[in-house]
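Scroll down for the structure; my scribbles are underneath it.
Chains: A, B and C, in written order; residue numbering restarts at 1 for each.
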Amino acid sequence: MEIVLKNISKRFGAVRANQDISVAFYSGRIVGVLGENGAGKSTLMKILSGFQAADSGEIWLDGQRVRYRGAQEAVRAGLGMLQQDPLDVPAFTVLENFVFGNPNLANPRQKLAELAARFGFHLDADALCGQLSIAQRQQLEIVRLLALGVRALILDEPTTGISAEQKELLFSTLRRLAREEGMTVLLVSHKLEDVIALCDEVIVLRGGRLVGRTSMPTTPQALVAMMFEELSPIDARPSLPLGQTALRVESLHLHVDRLHLHNLNFSLRGGETVGLAGLDGSGQEAFLRVCAGLLRPQRGRVCVGEQDFTHRSYRDFRRAGVYFTAAGRLEEGLIAGLTLTEHVALTDEGDDGAAWINWIDAEKRAAARIARYQVRGQPYSPIETLSGGNQQRVLISLLPEHPRALLLEQPTRGLDVDSTRWIWQQLEARRQQGAGIVFSSAELDELVTYSDRILVFYEGRCVEVADVRQTSADALGHLIGGNF
Amino acid sequence: MDSVLQNTLNTVVSNATPLVIAALGETITERAGVINLSLDGSLALSAMVGFVAAYAAQRSGVSAPVALALGVTSAALIGALMALIIAWGGITLRRDQVAVGFILTLLAADLAQFLGQDYTRIPGPTFPTVPVPFLVDLPVVGPILFRHSLFVYFSYVLLIVCWWWLFRTQGGLAHRAIGERPASAYARGVDVNGLRYLYTILGGALVGVAGAAFSLNLKPGWANPPSMRGDGWIALAIVIFGGWHPFRVLLGAYLFAALRAFASAAQRSGDVGIPLVLLNAIPWLAMILTLVFVSSGVLERLLRVLPRAVQNRARALLRSDPPAALGTRFEP
Amino acid sequence: MRAWRDFVFGLLPISFSLLVTALLIVLVGKDPLEVARVLWSGAFGTSETLASVVNFWIPLTLAALGLVVTFRAGLWNIGVEGQIMIGAVAASGVALYVKGLPSPLLIGLSMAAAVMAGALLGALIGFLKLRLGVNEIFGGVALNALVNVASIYLISGPWQPAEGGSAQATSPFPMDARLPLISPIFPTSLLMLVLTVLAIGLIIRLLSGTRWGLQLKAVGKNPRSALLLGVPTGRSVFSALALCGLLAGLGGAHRVLDTYYSLRPLVSGGIGFLALLVVLLAAMRALWAPLIAFVFAAILGGTTRVRIRLQLDPSLAGVLQGLIVLTVVLFQGIRERYFAHHDESIEEKV
């Protein structure tokens, strides 16, 4: 399908997400839509696929001007979008998800089996969707959209959180769809290696504008030059002499829902960073929570320093200097409806501070914190009015200066390059003062860049990559798929 | 079969029927992601209005079937109106559904008492018992299930339709999806908030019918305080106990009715060793116990005792989570 | 412009509720103006009627203050009704069966028992919620019913008057157990009045000035985040429910030690539920709750006379109060939805 966008503009409040973008995509081609977080690529694709309406501009499909209200009309016009978090219903079975929204499908069970077999997908029609991996949910969405007869497919960051094998299967599927069926495929990504591996051509967005278009092959350097105006090099990571054992886990056994961690041993010393890799729900999140006292293991010991903390509460862990932050900032971390000052007053005297709060003093301290952590906001700003990057800065600023250990679940999820680097500067500073850090991430690059060691989780099993210098994001991609 | 037992079971079915209808109505509403907390008040108000409408119609010379139909219809309209206020407040006006529902509970109960003050303890039209031809002659189950008023048969039909709609139709997929993940439903072209209005009002209308089932059949007439006070809360608990699944909801209602039948039988026989008034505590203790039971912690611990193979099936059968988007707002 | 709009939006729901109530009164065949006149004189006609309004206001305000605390922690404490009742039961037990104490000690012991019983019942709801996973709404409803059953059992059984039970009430309390009145023409307890005013100040100060109050707010807005920020969430929930139960229990003591001088079935008379309405109308603010409680207490007090003089069912009070709260809540929504262009969002204040 030939897709032509003319002068698309969209703003959210003061932010101009898309400015006057005109671009065409042709049948049988796979086009990468590249740009860093906040460049406007997701907005543009959501406009194209009907999830959002443009403020102005036109969409032409195969020479016809189209106007649609809602994603369903876009699908009917032949355009389907696969969201980063696939828009399925977790409580439905695979088959129910496949049928939902497609009432005229005859013999859906057979159709699902046919489509899945054709692309080598393993989809159990009667499995609950909520129990599938991200990759399987993507596969389900793809066959669902194909059954609806789409002729163009848009994928938003589809390679985050899936293994190397799953990525290869996805890419071969997309290639076949483009070559054999003449489909137009748009791949939204901020990862150069994905785009280089898959795409026929690339468009680059920056600051809401279309800044470049090039055919493949091209060099990563050329793409980077288009994506970023200037890029400061990452500071070299000094290795530190390791300190005392900060946290130790001995023969840990844990069952949560369908996840089983068996006989896991781990220790963290001051001054080192350990990355946790793995597909969503492979055990790394549960492991972090066990280390923080937020989940109780069935067997085994968790020690802080030399002390047994196995059945202690998270508050005890905090008192002992072990702090945890979760991935969802506003769900688990900050409190929507409370101001910055209130967050500071809540946390900064430790957990056992004075009974009475001096609000004038608290506001001064909040202002000082804002200045130091370069937060864009005021002491009286409700926390939910800040941007994601600023929220993460606040979250980091609420951690103490000299913790024993930091346990961080995806500390840079959804942040742009700039914020990510800034967060890591802060974490590195704490490491250099003797803190041990454990973090999980779906970004393999980040794991390789910032870890001294990496634990790879797969279905509750775990292997260690002791020397990160000898590994690459690609090798890690194979490990998280279970090829130990 | 022992005819005393048969009669008892027959009574259990008829006593449970208003609870069944109300709880199925609430199931429909909650499956769409909306909580209608006003049940206790809505039941009272619709029972009163249903009775007064039927009574007034009969007094004005209308034939009994027509008067009864009028009663049920006006009761359903009252239930629907209550639900409409909750949908409007919760969806369009973005108020807390629990708050609006709670206010309505109190308001409706007081309204029923206030407007019904001149209609207490007077006889009016009631639904007769109509045995179903042929089916009533079935051995054992016939006299238990098929010697009842129309409300009971309505509850059977409602059960089947409810289950079939939710789990066997495309419309049911959309219905459940707006309670589980409205964003996905919206992306598939479903008018999320429109359907939420529809199912809230439909569920409310059924609560109204349940009210009429009290005042025109089970406990005919109107009284101050009304005989069904508290039953709305029990119906809400039954929905949780039933895991938002029609058959389990029905089972829950029958279990409660059986428990009550036991308590009142014990009261009649009078030799239970504990003071009679304390038997009134049984339904409420049962409510707490069942809620403790279905709350994941306790059930999980019990299930762990079972062998692994049985465990997963038992879990699937006994445990179910509330609709994921229950009580939340959706703004496209 | 802004002030004018505030005024209209404040007045509209009240007028609307009054209008609907008037229509309902016409519907049952009475004259609304006559009802209003009797209602007013029933509340403010004499010092005695004013005292009866104050006697409603005291437990209503105490329960409402408790509910401000539980709402702050994000809890729907419907169990407040049972907490008032159990306070009344406990106070009655002491008043009826503890002999030989001087009056101030006896009254103090009654009130202490009431406060303890209320707090324990509140904590029980917390236990059901935190340890056993029973939502506080259902736990509360069930406990209300159970306390009611227990009080009826006591009245008709162990505690029934020696001269034979009518199941209507226990025997009247001895004079020593009754709260002293300010004066025969203003029959209400100075002690309770002072305690209530102190409670208002205390709750406002606790919620706005202490770490505990801030922790409650954090738990109410997002318990999971609060836990990760080091808030003892379980302790917050327990303490909020126990404090609410404590205040409600004190209100229950007032019902029996001042108003009735005996224990009766449904001794709370819906004051707990009414307190929930008060707090919803006050938008959870501790400062507003006592004022709204006074208006509602006046309606309650006035309806007593309406029932006697005009033979109207006392549920009239509940109808009017419920309508006011419902329309105010809905009008707020209408205002934010359709007229929000010039208004800033309404900030939550203490």
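Everything that follows uses one rule, which is that a residue touches a chain if its C-beta (ideal position, glycine included) is under 8 Å from a C-beta of that chain, and two chains touch if they have at least 3 such contacts.
No experiment lies behind these values; they were computed from the predicted model shown.
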{"item": "Chain whose Cα centroid lies at the greatest distance from that of chain C", "value": "A"}
{"item": "Chain whose Cα centroid lies nearest the overall Cα centroid", "value": "B"}
{"item": "Chains linked by the largest number of contacting C-beta pairs", "value": "B-C"}
{"item": "Length of the line joining the C-alpha centres of chain B and chain C, rounded to whole Å", "value": "30"}
{"item": "Centre-to-centre distance between chain C and chain A (centres being mean Cα positions), rounded to whole Å", "value": "49"}
{"item": "Centre-of-Cα separation between chain B and chain A, whole angstrom", "value": "44"}
{"item": "In the complex, chain A residues that touch chain B", "value": "51, 70-73, 75, 87-92, 96, 99-101, 103"}
{"item": "Of chain A, residues touching chain C in the complex", "value": "294, 314-315, 318, 324-326, 330-338, 342-343, 345-347, 350-351, 353-357, 398"}
{"item": "Touch list for chain B against partner chain C, complex", "value": "37, 85, 88-89, 92-95, 98-100, 102-104, 106-107, 109-111, 113-115, 117-118, 224, 230, 233, 236-237, 240, 275, 277-278, 280-281, 284-285, 287-288, 291-292, 295-298"}
{"item": "Contact set on chain B toward chain A in their complex", "value": "170, 173-174, 176-177, 180-181, 183-190, 321, 323-324, 332"}
{"item": "Complex contacts: residues of chain C adjacent to chain A", "value": "209-212, 214-215, 217-218, 221-222, 224-232, 348"}
